[in-house]
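Chain naming follows the written order as A, B, C, D, E and F, and within any one chain the residues start at number 1.
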Amino acid sequence: MTVVPSIKRDYITKLASEGKRIDGRSFNQYRPIEIKTKVVNKAEGSARVKIGKTQVLVGIKMSLGEPFADSPNMGVLSTAAELIPLASPDFEAGPPREDAIELARVVDRGVRESEVVDVEKLVITPGEKVWIVFIDIHILDYDGNLFDAASLGALAALSTTVVPAKRFEAELPEGYPKEDYPLPMAEPPISCTTVKINDYVLFDPCFDEEIIADARLTVATDNHGDIRAMQKGLSGSFTQEEIQKVIKGALDNGQEIRKQLNHSTGK
Amino acid sequence: MTVVPSIKRDYITKLASEGKRIDGRSFNQYRPIEIKTKVVNKAEGSARVKIGKTQVLVGIKMSLGEPFADSPNMGVLSTAAELIPLASPDFEAGPPREDAIELARVVDRGVRESEVVDVEKLVITPGEKVWIVFIDIHILDYDGNLFDAASLGALAALSTTVVPAKRFEAELPEGYPKEDYPLPMAEPPISCTTVKINDYVLFDPCFDEEIIADARLTVATDNHGDIRAMQKGLSGSFTQEEIQKVIKGALDNGQEIRKQLNHSTGK
Amino acid sequence: MTVVPSIKRDYITKLASEGKRIDGRSFNQYRPIEIKTKVVNKAEGSARVKIGKTQVLVGIKMSLGEPFADSPNMGVLSTAAELIPLASPDFEAGPPREDAIELARVVDRGVRESEVVDVEKLVITPGEKVWIVFIDIHILDYDGNLFDAASLGALAALSTTVVPAKRFEAELPEGYPKEDYPLPMAEPPISCTTVKINDYVLFDPCFDEEIIADARLTVATDNHGDIRAMQKGLSGSFTQEEIQKVIKGALDNGQEIRKQLNHSTGK
Amino acid sequence: MKSDIELINSEGKRLDGRGPEDLRKIKIEAGVLHRADGSCYLEWGGNKVLVAVYGPREALPRHTQNPLRAIVQARYNMAAFSVEDRKRPGPDRRSVEISKVISEALEKVILVEQFPRATVNVNIEVLDAEAGTRCAGLTAAGVALVDAGIPLRDIPVACAAGKIGGKVVLDLGKEEDNFGDADLPIAIAPRTGEVLLLQMDGHFTFDEFNHAFDLAVKGCHTVSELQKEAIITKYQTVAEEVQE
Amino acid sequence: MKSDIELINSEGKRLDGRGPEDLRKIKIEAGVLHRADGSCYLEWGGNKVLVAVYGPREALPRHTQNPLRAIVQARYNMAAFSVEDRKRPGPDRRSVEISKVISEALEKVILVEQFPRATVNVNIEVLDAEAGTRCAGLTAAGVALVDAGIPLRDIPVACAAGKIGGKVVLDLGKEEDNFGDADLPIAIAPRTGEVLLLQMDGHFTFDEFNHAFDLAVKGCHTVSELQKEAIITKYQTVAEEVQE
Amino acid sequence: MKSDIELINSEGKRLDGRGPEDLRKIKIEAGVLHRADGSCYLEWGGNKVLVAVYGPREALPRHTQNPLRAIVQARYNMAAFSVEDRKRPGPDRRSVEISKVISEALEKVILVEQFPRATVNVNIEVLDAEAGTRCAGLTAAGVALVDAGIPLRDIPVACAAGKIGGKVVLDLGKEEDNFGDADLPIAIAPRTGEVLLLQMDGHFTFDEFNHAFDLAVKGCHTVSELQKEAIITKYQTVAEEVQE
């Protein structure tokens, strides 16, 4: 357990000192990204995202329910992630652990705080009946950088989600549209993740880079160049300069990824 | 753990090669069956079934509740089995494991799919209020063949169940009977279980036969000679000829057991 | 694990044979008690109780809910205790174990059976809406005798609880007071705990006495000198004479502690 | 909870016709199960309990072992159908507490020092519940321990006394438990009178407590005789079977 | 549950246009995942399943090890979004039972004696569910096991037959499963015809059962060919990549 | 969530009277518990937190041990009564995430290499919650670690900055947290300025972020002085007690 990572670590840092990465990328470069939407039928929306060999499937289900007591004028978003044993020999069956919980909560905040889904438009009867949007993240193949793959998957799945008004016809009040319609969405912020190994900061870490990383930083930026969410992880630290460098790299990569997302969701 | 079963296995297969079983029965023969109903007071129906030294107690409780959304015109059946540590040194306290879950689900399907309980007659107000029937299976003493003992116990307990309309008087609508009445029941299918050890197929396995068995097959048949449910278990296989032999034996044994069940429930 | 307690045991019993205890107290004597109420803001009532170095914080929250089906004319009391790992290196995170459950249930019965909270006055609409009183016991520092510290904390917290009628204004029916008012309380019984070590009976055991004790006996007495609750614990036994001696000591200590409780809650 | 029901009348007659010092009807049968090392079926008024004892055997997982003596793990469990409204299967807070106080009571009479690193498991299943199940369960456990051949200092036995309509009586029934003034279940080792289990709820004066305590001890001794009869009956049956 | 829908018309045509002995459309792809030792993606009518195999590797925790052979742990799981109304994540009683019967079926064909103390993990994820997911999952598991290079006696394969509108048919679709008369999913080892998995619900006469059983076996053999094609396609692709 | 409340007025005055760069009132007390190896009680505005540190001691169960260094297990827990509507006891997803990021932040400053196979447990109990509990908890944990004598590279300290009514301010209060535009809690090692914890929600321009970040770092340094005072006060008290 401890010998192999240590050898890998030496190799990866040696490469980094020469400005190189194990798969030939530059420090700021992403692996190829592939986004495919509407990949399952029963879901109201779905997307499969590949970043390199990492593969994530996100499905959206909607149902009717009560709003939270402290937000009667908002629909409900609920995000769950499962690190199912399908995706990695290290993932175990059972209730989600802290890694899966952090992943789900970061994706959730990315969607919620950025107000990409207009939750006020999900209200049917204030304080009584609203749409609940379930975002379920399935990790299918794990080769690093789940944060970006899961966020991107969630955004792509939401962007193609159709509100199943017809299926819930009987439970909807008079005057409410009974035909399915697209989920109202705003321009999404894009999440970009880096890891720090020694003093090198690498975007879109692959599995081998991730397991030896000292620290992790995720930054979500919008199409105005503003910052919408950040999350630092692992027990290493960042300096202020490094943080600023990560933000700038996130803005650049975010623009490219946003184009690809919009293209794949037909926007 | 592995030596004793292996010695037992040799002994049991040697006997089987001479057409014999450790307790002197023939391959198709059941141990003595004893069925006693109304054994506990608080339950709406109950039965204690002994097959040889195996002993099972089934209690039925009823309450009012909502039907499932996809079957507004049906009452609800709910079957639970507990392999309580009372019955065997190998059973452990805690949530039901896969063995207990398979047992409960096979008994449940036996009751549900055979339509022995007329769930449509358990509706009080369609889509709103129905009778819920809880079938709780308690294993008291474990000497093999829990499937048949539990099924038989469930049928005997249901057959003597009295709908507690009087106790729920206040919650029942006008016009609904307020006096207790027998749970409406159809002719029950009878479940018969075999195990396969090498190429020998033995009905009603005792504990020693069960723990060395290669495969298990349960067949439920009705009084018309039709097949109502089947479940194969364990990692051994059956040939088509063996399956047909099991069905025929299940029909024969089923007739006898049905007589005894009807006798004990006064039908 | 087994050597240290055995040495402590020898030392403590030797002292006891001379009529002494490790901290210089007499057999019937309590350590200094400190009661401070209103120690947290969000709770409807709260108290921090110290008995020697043992420290317990009890917080009361109230909300509206349905009464139990079998007591439509009573509010609901719910007591929970957590032996959080903050208080002792031996306490573990996770669901409450049997020690925490026994503690919560003994405190709960002390409050419930003594009718110190007038639950009939907690009814808003009989059978439909009542006040629910949550008593949450947090052990902060563990140096023995949690039973008395927790009971006393619960009583002190309840005695200073203010019913949050204003916060729940919107959910209260017309005519019901909309201003906050003190929780209606009767004179509380006081819980006194002893342990038996060999043939010595010691009140208010500290940690070192508690871990080597043979048996434990808690007696709650009221201001009329009557007995309101008892609970024996651990695998040792008591004689009838010892039980009577404990009751008498509990009456004496109870009077003193009651004075201090009333003083600290301004009654 | 108070009620208008007169639980005991001026002649000292109780709702079910018993006098103040009468026990409900008790029936005890030892050795009723095949797999268990020892077992007992007991009816006490409307209560029906079944107890199976396993052990002494190695305590597992190992970190639960005590190197100096056996641990005693009683598990009190109510069947889902043993009460008016179905109980969810599995332990609740009440059954965890009762399991704990029964375990502690039994530990005192079992010669645990003879079996280091072992466990004795006592499984108490309540099949029908009607006031007094912990006393019924502990009493049946005593018989099942003997049936299992576990070395005991004494056969533990339990009984409750209480107060209804202001009067101290033996062995509360269901209505008496719900609407009475106080309940005092105890368990003792009958040869020495040592108190193994004691709980009390309600309201007793000091004198009432002493009266109730004496009554409960007397009840324990009566039940103790029934335990012994059940054990003798079992051995006689076995002896006859062997002779046949 | 009965319905007024005519599931099969007098010409033997079913709701989706199939004849009585027609399978739904099946698509199988081997080796679709990077981390897994073996994998398979399978579409069967509206069902979509993904299977990843890990192993043989040391079984952990150790007390789960069998000193004589490998254990086989299949885990059948439905994605929350695979059904009309969102399913709560995590195992329910249905998935526990299906995991058990699939594990038992696979154990028969894996050469478990070659890997004492090891485990073979078979993770079956149902991404879209539309009647027949256990047959789809077991069939995909067979391919994924081959892809993982696990030594097998035979490639297990599954298919169901059933009864709708009184007629025996192959491979029930969604409406047919909900409103049909009987369902008989089986899995076999195709070379010997041994039955590895068999469940049945509903109502068959003895003759109907035999008819349905034969039909299901026939279905298994058809699906078995598709499994082999998928495996060959995978190896050809790999071989081509190596040559390039 | 937007609101009509004016969180900061044109003179830069906030709802509770603070200016944009003012901290809420902070009170820190070290060494408040008897059993814990180190402890700290901290009030920060309306927040009240209590921290107990245990360790370094052997990590159990053994498979959690790291042969090269100590593991750090922070457990952030909110008391049921610490919030307006009672919180169910036990960890929820929010507290699991906060426990994780605090554990990671503390691990950086503890000299974990000195204690292979050990664990350091940091129990953070929130008794009253009013915006900023993770900063309050981490700050108190820093003091409790010193009180426990755990070797540290630096005393970790936390503080948040945010944006309300379009303006960047220090240390959001309750209303500001609920209705503000952005929140940026950070933790640093004050001697080097290394960032140990960083989370951000809401909406910042690049310049606003830099402003907020600088403000939060400044806040950390102010709080760091209060930590040191609390530690000195504790040692003086201990020294005086020893001299007496």
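To be clear about the criterion, a residue touches a chain if its C-beta (ideal position, glycine included) is under 8 Å from a C-beta of that chain, and two chains touch if they have at least 3 such contacts.
Please read these numbers as outputs of a predicted model, since none were measured by experiment.
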item	value
Shared interface partners, meaning chains that touch chain B and chain F	none
Contact-graph separation of chain C and chain E, given in steps at minimum	3
Pair in A-F, A-E or C-D that repeats B-D, with over half of contact pairs matching by residue number	A-E
Most distant chain from chain D, judged by the mean position of its C-alpha atoms	A
Furthest chain, CA centroid comparison against chain C	E
Between chain C and chain B, distance of the C-alpha-averaged centres to the nearest whole Å	48
Centre-of-Cα separation between chain F and chain D, whole angstrom	52
Chain C and chain F: spacing of chain centres that average the CA atoms, whole Å	32
Approximate Å spacing (C-alpha centroids) for the pair chain B, chain E	27
Numbers and ranges of chain F residues touching at least 2 other chains	85
Contact graph of the chains (line, ring, star, complete, other)	ring
Circular arrangement of chains, read from chain A onward through chain F	A, F, C, D, B, E
Partner chain E, residues of chain A touching it in the complex	39-43, 46, 53, 55, 57, 59-61, 63, 80, 82, 84-89, 93, 95, 134, 136, 138, 140-143, 167
Residues of chain E defined as touching chain B within the complex	1, 67-68, 72, 85, 93-94, 96-97, 99-101, 103-105, 107-108, 184, 189, 193-206, 209-210, 213, 217
Residue ranges of chain B in contact with chain E within the complex	2, 69, 71, 98, 101-102, 104-105, 109, 113, 217, 225-240, 243-244, 247
For the chain E and chain A complex, residues of the former touching the latter	33-36, 46, 48, 50-52, 54, 57, 75, 77, 79-86, 89-91, 121, 123, 125, 127-130
